[in-house]
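Right, I'll just put the structure down here and ask away after.
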Amino acid sequence: MELLKQLCQIHAPSGNEVQLTQFLLNYIEQNKANWRVTPQVLAGEDFQDCIILVFGQPRTAIFAHIDSIGFTVRYGRQLVRIGGPDTETGYQLVGQDSQGPIACTLQVSEEDGSLQYEFEREIDRGTELVFACNFRETQDTVQSCYLDNRLGVYNALRVAETLENGAIVFSCWEEHKGGSVAYLARYLYDNYRVKQALISDITWVTDGVHPGQGVVISMRDSLIPRRSFVNKIISLAQQSHVSFQLEVEGAGGSDGKDLQQSDIPWDWCFVGAPEDNVHSPDEIVHKDDIDSMVALYQVLMREL
Amino acid sequence: MELLKQLCQIHAPSGNEVQLTQFLLNYIEQNKANWRVTPQVLAGEDFQDCIILVFGQPRTAIFAHIDSIGFTVRYGRQLVRIGGPDTETGYQLVGQDSQGPIACTLQVSEEDGSLQYEFEREIDRGTELVFACNFRETQDTVQSCYLDNRLGVYNALRVAETLENGAIVFSCWEEHKGGSVAYLARYLYDNYRVKQALISDITWVTDGVHPGQGVVISMRDSLIPRRSFVNKIISLAQQSHVSFQLEVEGAGGSDGKDLQQSDIPWDWCFVGAPEDNVHSPDEIVHKDDIDSMVALYQVLMREL
Amino acid sequence: MELLKQLCQIHAPSGNEVQLTQFLLNYIEQNKANWRVTPQVLAGEDFQDCIILVFGQPRTAIFAHIDSIGFTVRYGRQLVRIGGPDTETGYQLVGQDSQGPIACTLQVSEEDGSLQYEFEREIDRGTELVFACNFRETQDTVQSCYLDNRLGVYNALRVAETLENGAIVFSCWEEHKGGSVAYLARYLYDNYRVKQALISDITWVTDGVHPGQGVVISMRDSLIPRRSFVNKIISLAQQSHVSFQLEVEGAGGSDGKDLQQSDIPWDWCFVGAPEDNVHSPDEIVHKDDIDSMVALYQVLMREL
């Protein structure tokens, strides 16, 4: 879990993911020689702060978003949300501006719910703040801010170790209305005719989805993927004997949304571990669900 | 109206339209030899569950969505909406899961409006339910669930009989945030330079639009099509002596939305019969409005 | 300010921008010979009612939307909004229908906020009404309806005079859910590999942004542009000695939204003067902020 812990501590709010991009490029450079297949690494200005890895002859792509929720500093100590963070007075926030590192406290107005920071000095306009990382591990669980989606990134890196044919996409802006998946998807389709996607992301513990009972195959959220593709995934999961659960939601979204609305006939499905305390500093995931997530991705990337 | 009745009975909620796709492919195969021009039929994996028919040298495309609203089974007897169905306790719902056919009843909570099914057994997670079809015909009207949009599909098939130059698109997911029109539109534009569209869909009876007074040309809904194209259509309608009405709405959408927001300079206009009891099992349309819909499409596909 | 005054008086609600398109094409034709570089003028059916000007070897494009907010006439004297106009009983509205010119009055229902017009006769269904223009100028300010975004258009035309390398895009539908930027952006990217954009539009006076203190660089609104691009612009602004202010917002959008969500890796930033009395007939902007807007655009188009 050392890799996951490192991932959770990196500052990468939507729109400013560059530190995580650099970490991943270094990690990939150092490790790819030990992977079963050495991937082609696509990055740089044409991909903004995103990365694509191409292994062999890809038929399916894994999309894992690298950005996180957070807050942008306005003026008069006001904060504006990046994505949809949980907000509670006292949450510790960290960042950096022209005057140096920042460790401050979130204040939620009891009157109108508006957000402010409490700090010894004024913070530069436009500075992003993220949750301070307190990574906790027990025998059964990991707990930290940003398991959503550093765990999805971790899953992709674990799957990379043995992947023979497939693509892995590290995308940006997912938590805040998207903005990279459309061009990443186009690149994969135009160059490799890939149009099957697995969304490597974290979902919610609900009445019907319980921690420790396996990775979740989401049959729908606010969007509805094509049923025949979802059925194929469920069928492969059943044959695999990996533990899994089925989710049916009316809300929530993912990088799948941008695939659904692209001008390419993508099939996609969200497959990921469930977490509790969503979008808070205390996101918690059962380790068994991480194991089944990696195991099911290995099967799906081979069989789809 | 036998064809319309058949169309209304087919299970095809957004995301799982495949039964209607198969019905249409069979119908087209059996009838196309009798049409004035035999179209090219485009279907298969690159089109997911959609179909494009190309007649002669197309300048304009008809878009008719084949999916319907409905409900997805969650757990604990909960239902999640597919699109925006009307909901009333007692509505009959039908579907099929691993244990066989289902005919159950909708329950709307008086407390919080949440939706459940009432049935003798638990239904598989992810099963789609649709309204049970009760097709009724009088001298002046047809009434059924899913006239929206099986009537738009029926109109397209009637227009196909005499169409010389044009395209007909049967699209998916329209009732639930879209997902096919972008790539269908791209295909038509890239291969045929088509960038004019008529949206063959059903609109609402309102203060300004009355049953039996003719097909509706919608000047706008939540989106605003280019005025010069709408004016051209109105002008052709006036010259045609087909009965029509003009609608101006602030809400509602259609496949036109995905054309408007595509990266192709499409001109589009919604042209369709008005119905009452929208998105309920009792949608009702005046037969004269169906006749004028078919007649106006014949004119527009020839003249635009 | 004579040019700005003319621009503010032209009828060009979203979807029916053609009169402003014609005005601009005439203006460009009459003036381009006096500009430092004579641009290529792209217009006509493939661009609907939009215009692109290409100067030299473009690296960056200016997007200035030409459409305005307004109202569409429904029936029974009802009005439907085009975009998000401010509404107050007594606002003067103008337009034209089959019976001739219209000058009428807006009525806002005290009961339910619904909108009607008051006029001596019924107005044709679908007629667009816009605010009557009352252009006012003092030593320090200009005031009129539609400074948003005729001032953004004016800025682009002023920058055109000395522009050596760059593109200027006059877009449609910005006030009403977009519909042109996606294809305009694709054209520029496919033909010139341009993927940097400045949004020449008008923002709001807020607690943190004050009239007369300089053009605004918006670090974010409802969307978040890539931070590294925004930082580059701020850095160039600092070196330039042009007065500017930084804005951080949680709401609002612009043509940048369609760039962000396109399948091209665009970097974009909103740079524009702030106004008070937003979307009303009385929009007011400080002249110093217009000057700094033009001056900063000149720097950015040269240095980016």
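Order as written gives the chain letters A, B and C; numbering starts at 1 within each chain.
We adopt the following convention: contacts are C-beta pairs under 8 Å (C-beta built on N, C-alpha and C of every residue); 3 or more make two chains touch, one makes a residue touch a chain.
Here is each chain with its UniProt name: A, B, C = Aminopeptidase.
Please read all numbers here as calculations on a predicted model, not as lab measurements.
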Numbering shared by both copies at the chain C (Aminopeptidase)-chain B (Aminopeptidase) contact, with half separating same from different: different
Degree value of the rotation bringing chain A (Aminopeptidase) onto chain B (Aminopeptidase), based on Cα positions, nearest 5: 120
Chain centre separation (chain B (Aminopeptidase), chain C (Aminopeptidase); CA means) in Å: 36
Residues of chain B (Aminopeptidase) whose C-beta touches two or more other chains: 262-263
Chain B (Aminopeptidase)-facing residues of chain C (Aminopeptidase), complex: 14-16, 18, 45-49, 72-76, 80-82, 125-126, 128, 173, 176-180, 182-183, 185-186, 258, 262-263
Touching residues (chain side chain C (Aminopeptidase), partner chain A (Aminopeptidase)) in the complex: 207-208, 219-220, 222-228, 230, 246, 248-250, 260-265, 267
